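Look for chain A in each of the two complexes below; its partner is chain B in the first and chain C in the second.
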Partner chain A sequence: MENKQSSSPASFVDSTVVPGDVVLDLSSMTNQTIKLGGGLRQDCDAISAMKAGTLRFSKPNKYWIESSQKRYVPCVEDTILGIVVDSKADNFLIDIKGPAMGFLPVLAFEGGTRRNIPKFEVGTLLYLRVVKANFGMNPELSCTDASGKAAEFGPLKDGYMFETSTGLSRKLLSSPTCPVLEALGKKLSFEIAVGLNGRVWVNAASPDTIVVVANAIMNSESLSGAQQIIMLYDLMDSLVVVLLRETKK
Partner chain B sequence: MDARLANTWRLTLNEKNFIKTALLSEIRIDGRKPFEFRNISINFGRQVKSEDGSAEVQLGQTRVMGIVTAKFVQPYRDRPNEGTLAIYPEFSPMADPSFEAGRSGESAVELGRIIDRGLRESRAVDTESLCIVAGKLVWAIRIDILILDNGGNLVDAANIAALAALMTFRRPECSLGGEDGQEVIIHPPEMRDPLPLIVHHLPIAITFGFFIDENVVVIDPIHNEEAVMAGRMIATVNANGDICAIQKAGEGVSQRVIMQCLQLAITKAADITKQIKAAVEAYNSERALQKIKRETTCVGNNVKGDQNQTLDNKGISELVGKYMERLKLISVESYASQNINAEETKSLRRGTDSSCIKFNSTPLSWDPYSKGVDLEFLKASVASQVSAHACACNPTSTFTIPQVLGLVHFLQNRNTLVPDECLWELLNNGFFAVLQWILKRISFYLNKLNRSAYNGVSPVEFVGLSTASEEREASGKEKGSEAESAGPYEDVNSKWSAVDASTTEMHVIGPKTLKDAVKPKNKRKKKASSMI
Partner chain C sequence: MEEAVEMVTPGEVLGKATDLKAGKGAYAASHNNTIYASLTGFRRIQAPPPASHDKRPTVEVTGHKAHGLVPEPGSVVIARVTKVMARTASADIMCVGPKSVREKFTGIIRQQDVRATEIDKVDMHLSFRPGDIVRAVVLSLGDARAYYLSTAKNELGVVSAESSAGATMVPISWTEMQCPLTGQIELRKVAKVVN
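Showing the complex of A and B:
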């Protein structure tokens, strides 16, 4: 069950941990900067798990705990899709599928000043980044990246949004590309935005394509890579019809 | 407040626009065609009497459960000879974030009303058959509808659940009796089969969704589509083409569209009716099978055995069942079956498979009016019992009902003699208390009559029996040591060996005289009675 890693003697990476497990001992790792992702907490020298799931590590120094749920727990530096619920004087209230509403400051846009505050209708879909996420407080969001550039954040026009579990959205964002997306991308052209809070937005030229892509992704939740491709082969029949329609148009 | 705000499901503008534009090209977001229903799956409660009348319906992601119960009430004054039907919808908060616990909003009321109208006012359920005493006592049928998951189109799913539950519900049969003929006797399900409700036809609700463009109509909307649609119509129709009820809400729609929808509804209703009936049929046949199974296991408990069970044994067990009824030894049978169950579990615990009672006898024909079983046969069977006994783990399951019945049977005919020793051995395992008493009386009278014949009994036969009893004693002792863990049977065992000892003692003494025949019997009687 344990994966021996070169850096530390007994490593929990890629194994299941439960809340309370001490997964890293900082006293043994000196002069290293470690980034902690979701589900981990620092108590002096010990890093302990707060969520049940698998501990993951990515070079050079990022650790986090992965688990799949329907609800989202906000974590800093996550990219998510939020829906505008209300606009206040200072910030917009955004629904991010989490325990509390997110606040999007009115000025958190590229070149945002008090004069050019964007106007969002209730129900607008936004691609956002989580800036602050503390337990008990409303998370703070932003439409810019860390350096202040827009970088694709902001409102998403047209297309169709559907909800998935957080595990599936992480799979879709993993690299190398997840088999479903790869196979779909070979045959169809579409635009996709994946939020780590379990929301996916798809846009394409024709509604057929959108429906096929959406259903393919939703069905691939519980399938392994090979099964996903098999499922897509079955969908190819309908894809042929879609392609014919697209060429007609 | 914040949590509730965060928990509500919201529709984005993108979704709204997309659903509408896709529908213009006749594409629905789950890939269905506009007039395609989702897959319906109907599951019923377990085939146990108390769970008749419950059905769970899955319509895509929507899950609804319908439960039917009945009780006695006084009828309404204006309908004194009709039963009542009431629908109670419950929207569980786990189905949808917008559902609250307790009394839910108007959509719940609407749902209840639509189903109620479809069932009651179209007279789908025959309420007059629910009357027991006109003006005083009628059955009140209560249908509880529980929404488990909201995936859109709750009304249709709830309607199917209610119908499926109604068709599989069984109410106990009741009759009038008592001194003045006014007492109502409710027969328990074991005594008389419960009765189904009389359902004349199945009114099926079909929901249509209308969108801004008049030509856009969908059937069976999903919850996204429900949030977007402008108008809605629920038509309750049945497979015969009758329109039972219509509920229309939202934007106005032209008459042509309405007529088209109604025609479409009738064809869809025919499909759904077929599905419901097929599911109910399957459930009913399984239920009937279950009943048969239950009855045969009750009788067949006498025979313990797996692969060795032959047709003979089964035949015997059936005949045994008949005979039990005839002799009306119901108490004995229940005691016997309990006992046998205990034995079976004991032997199972010990894990021996070969401990079947081997029936060496041929299929016995249990016609009481044919010639009786003779002594040779009885000895042979007893001996075989003993041999089986020797290899059996269980020391007390020697004499099963067929054996004893055989004795009773030829006692009735009085064709041959019954050696008392044999008889008492058979009876003395505390197993057939009642039978024992009966046989005591019979043998007492028999001995009175057959005293003269005793002189003709050769000692050889008794020796044979004594060896048999010795064997038994030996095996009994063997088993006695083995059976230390089994509490109650130990005593019987010791009693057995005690009795065996006494009988062997008796036999060794010498040629039998009349007095000998009488005395031991009396002594044994006392011992037997004390031991019992």
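Showing the complex of A and C:
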């Protein structure tokens, strides 16, 4: 019986790990600095996984675990879509699909002063940036970028918002542009905002377009690039049929 | 000091305000100049200090069992941090001075009371974490919910803290503590250990 115990660090990269797997052994690695990203924990010399997912490595020294969930764990500098739940004296309480409500300070807007505090109704959808996300504290959000400019952050009017997994949100925001969005953009004109917390907002001139874009994105999660294109053409054929039917009336 | 082992209950008359001064556990009613007890305990009379102008002895009521300690403004307390928020940290007061308390008191450390310098740049998360043991001084009785505590002195701040790996950390400077297992440095407002 052969014992295939090749526990060299490279063997776990890009493979699926489950919580408890020791993915790296520091005593066998030479004097180097490693950066541990999300999902990894250090126990003296062993690095073990805390999340189920794929172990990723990026040069020169970053390791992290990538996984797709419905629930979002707030991370600094993420751009997310939040829904206003309540407004207090100093902050708005925002639901960000995470373990705790986010706090959006009333002054965290471009040119925000005590005199022009925006009034958001409960249920307003906002495009926000995470400023502080510490364990145990409510995350702090902002409607400006790091330099204080508005930069597209703020309330999103009209359109349609739907929820996805965090993995799909990351795919939609990856560069080069993911095949679904590229193919959709060639044929249709629409506006889209993707939140890394698993929310996507789409707006277009006609409701038919919005529905096609939303369905295309939701269907594309488990499909490969080529399959996504095929799925898209099927969807858009039915859209063309609907439009022709409308014009004949 | 004259000691009497007379047991009194709240509301009992202890004497006249013309003869006695109300001390701890007693109060003087203004409408009829009588001193009443406000606690259950033993009535004690203390002779007046020779330097004062007032020649009346002080009557006080001390508890018949040792009352738990209560934090007073100015006393140094040991507290465990329970919650850290954007501008405040909540802590459960465990000891007042050298003695432990019998019941739970809550304290709040506000952002401006964490340290003495640059108080508007304080990041609460880099000063305290939930579970830290801190030495603080009571500023005031605060509001109905909590005492106000302050760590704005060199010898006040985090006394003992656990790292994310679970080991008790070793203080390195007044802002840093290091985990002995992993070597990671975490930021806290560390109390200066005075030998």
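Keep in mind that, in the parts below, the second predicted complex is superposed on the first by the 175 of 249 C-alpha atoms of A that agree within 3 Å, B and C clash if a C-alpha of one lies under 4 Å from a C-alpha of the other, contacts with A are read in each partner's own complex, and residues count from 1 in each chain.
Note that a residue touches a chain if its C-beta (ideal position, glycine included) is under 8 Å from a C-beta of that chain, and two chains touch if they have at least 3 such contacts.
All values derive from a computational prediction rather than experimental measurement.
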In the superposed arrangement, does A:F103 touch chain B (first), chain C (second), both or neither?
second
Applying the document's definition of touch, where does A:G123 land relative to chain B and chain C: first, second, both, or neither?
first
Under the stated touch criterion, which partner chain does A:P19 make contact with: chain B (first), chain C (second), both, or neither?
neither
State whether A:Q42 touches chain B only (first), chain C only (second), both chains, or neither.
second
May I ask you to name which of chain B and chain C touches more residues of chain A?
B
Examine A:D158 and indicate which partner it touches, taking first as chain B and second as chain C; both and neither are also allowed.
first
First, second, both or neither for A:D95, with chain B first and chain C second
first
Touching A:G148 in the superposition: chain B (first), chain C (second), both, neither?
neither
Quick check on the superposed pair: does A:N134 touch chain B, chain C, both, or neither? Answer first, second, both or neither.
second
Considering only the contact definition stated at the top, list the common interface residues of chain A for chain B and chain C.
138
Under the touch definition given earlier, write down the residues of chain A that touch chain C in their complex.
42-44, 103, 132, 134, 136-138, 140
The chain B residues in contact with chain A across the complex are 2-3, 5-6, 8, 10-18, 21-22, 25, 27-31
Chain A contact footprint on chain C (complex, rising order):
83-86, 124-125, 129-130, 165, 181-182, 184
Listed in rising order, the residues of chain A that touch chain B in the complex are 83, 85, 93, 95, 98-101, 121, 123-125, 138, 156-162, 201, 206-208, 210-212, 214-215, 238
